[in-house]
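By written order: A, B, C and D. Residues from 1 in each chain.
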């Protein structure tokens, strides 16, 4: 059965490694923080200027001066730090953040990502996404395999304006975990009960399928 | 009579304008801080990372962690701030410091300055001087008119490796105050009792001498 | 050096039609509320505003958009504002969208006398159009130029009479870099204290960058996404 | 994330002959004394040291020069050190002199993922030799590239177990930028405190930049120019 958003977040959380600083985008990526594996110590950075984000505040803890990049009120853990936007992106651009997880509207088989603009329609802007994807060593995209019209978002080439080129290393959808390398998606896991055939049929980009495709363990 | 170092510092202090942030180099320039005119409020920046320098400390106030760019122990005034070297030179390069006063080994008639190196002999390095001279809108050089061998240091062209090109606006020596513009030194004041002839004879660079050359008022 | 002005009216003297303004804040967090209200009152027009976001419809820079005072916005993210989207799609408003890190760094560069720098952000995207590309360490980068403004208007938590500023939590965001990049920098603060009150070790923005400072009359501090557990 | 190591021995594990090290401090102010002493003990050689100054004959980096452990110095000012001058003039030591502001900015750039930037400093001088010149706003600038190091070794006043650092007065100087630019950054601190002790609003160097932290055993804090009134 295809994963729900929580399932995608749980699967991505398995990628976390001890000692990593991690930037989580808005939406599904934010949920990853709820499923940090036992024994793994990571710190969350938010590009508006905080390191060491904690959980959401209790009602009485809410502070208008303390938000994340999604403009949600947050708290911080012991050992947190605040800094300005130039310092924040120095961390990101300088590759001090080991993992970036973000959503996407389209991903292509050479690792291009489009997630900021639909010409003539949606013009919200890229925020920090272009800096993040151009800089991070590890970028995992959390997304749905297809759009509402049923068209694949796992493509040969992106059709929307790009956010970054050749940067996505891994994609986790409701159906599959795929690595991107050598100009192709490599299927490495499928969602529990989802068939390889379904993934193939919903993937427009070049998909390399090994003999054995294990099910994700969520 | 030619000025002594104190006299040069006093004359330069007359150039200070209310509200200016000022960077003083090592040597004579440092003395300028002792002669701030009545009613003039200036702040001193030192490029190692302090704004709002005060006087030298009392013996019991000495703090190894609090020095100026000449490595001398200092104190700070109320409203001072400390910052790192990148921020310090952001202030300087960004022209937030209104006046730089520094010494020189040679100055040329187009405003070039040499003060950091004597090839094969003195190789101390430029420190912050190259950033300061390349950036400051107002640069006043405090120097002696001639070297120990009696040769003019107010030149057509510098002979030593340059610190900066076309940047010096004003020179104050023991003999004269000169403005540099249009490729020439313009004599605007002479030291008390010093003749225009003496200044002319000791100036190798092109010197424009007006009909009247008032004496400095120290 | 005393930088104190009496009030927001005095703080914004000299702002005219057609000027370029930097406005601090991220979303509605750390924005100079009192100054924005005064800009609405002054009704200065044809402004170019450099600000990470454009506020919401009825708060922050949205207030200037409502009055059509803004000719051009230079921002990284402008969602959350329907009027903005309408003006942009209709062509009434010129919008220059910039990656957030490049925006921050371009402001800092403007204040720091660095006219241009290379960054990987935006390479291969429409942000890179017309910009020089150069490869460093095997990776393509684009050349981005510094930004400056006629006025930078920032909001701080505490400030002293010399213009030294301290920010609180994530309300710091773009304020320090913009403070560096204004020809005239105006700081509105929640609390104005005498020089010597703030610890010189812990000043976020040294007073050298601030020309005018005043204590804001009222801070609503609206929250965009009140999220609790 | 716990960054604490037991002592200076553990902190400098992995430093080898031929490596590039950044060493914080300005003159003898804010230098990592304990680490420098350990480098002498380790007797690693052929080092490239990036440091604003080269210490004095018998303190700071002068100790490494005495033992001829340094192959190349990248600095802005190297007076106050006769052995340095001797080695440089004799050609034993390679010296790359850089304007102080460019040195600071190049370290910051190295840490911030900015491979190169334009600065006016050094234009028309021998510093500009071989460097690209470009005019911005009518003023010529030169292109300077980022600096990074295998290890950056910095000294802070206080630090916590997460690697967050706070510096005192002008002992801050180059330490924060160098902390950003090290592949591995080692911080020696006067006082090591538990996470949560330092105010998150007033951290100079966030712990993300620091891989190893320890409390230095002894700080002599020698003064170069004791000047009193």
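The rule is short, and it goes like this: a residue touches a chain if its C-beta (ideal position, glycine included) is under 8 Å from a C-beta of that chain, and two chains touch if they have at least 3 such contacts.
The shown structure was predicted, so the numbers you read here are calculated from the model rather than taken from an experiment.
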item: Between A-D and B-D, the pair joined by more C-beta contacts; value: B-D
item: Per Cα centroids, the chain farthest from chain D; value: A
item: Centre distance in Å when chain B and chain D are each reduced to the mean of their C-alpha atoms; value: 28
item: Separation of chain A from chain D, taking each centre as the mean of its C-alpha atoms, in whole Å; value: 36
item: Where chain C and chain D are represented by their mean Cα positions, the distance between them in whole Å; value: 33
item: Rounded Å distance between chain A and chain B, as computed from the means of their C-alpha atoms; value: 55
item: Set of chain A residues in contact with two or more other chains; value: 82-83, 86, 89, 92-93, 135
item: Multi-partner residues of chain C (each touching 2 or more other chains); value: 105, 108, 112-114, 119-120, 167-169, 200-201
item: Pairwise touch network: line, ring, star, complete, or other; value: other
item: Listing of all chain pairs that touch each other, if any do; value: A-C, A-D, B-C, B-D, C-D
item: For the chain C and chain A complex, residues of the former touching the latter; value: 26-30, 52, 75-80, 85, 88-89, 95, 97, 99-105, 107-108, 119-127, 157, 167-177, 204, 221-229
item: Residues of chain D touching chain C in the complex; value: 105, 109, 112-120, 134, 136-137, 139, 141, 145, 166-169, 200-202
item: Residue ranges of chain D in contact with chain A within the complex; value: 1-2, 108, 110-114, 160-162, 164, 180, 194-196, 200-201, 203, 206-209
item: For the chain A and chain C complex, residues of the former touching the latter; value: 46-50, 55-59, 61-74, 82-86, 88-89, 92-93, 112, 120, 123-131, 134-135, 161-166
item: Footprint of chain D on chain A - complex, ascending; value: 19, 21, 41-43, 45, 51-52, 76, 78-83, 86-87, 89-97, 135
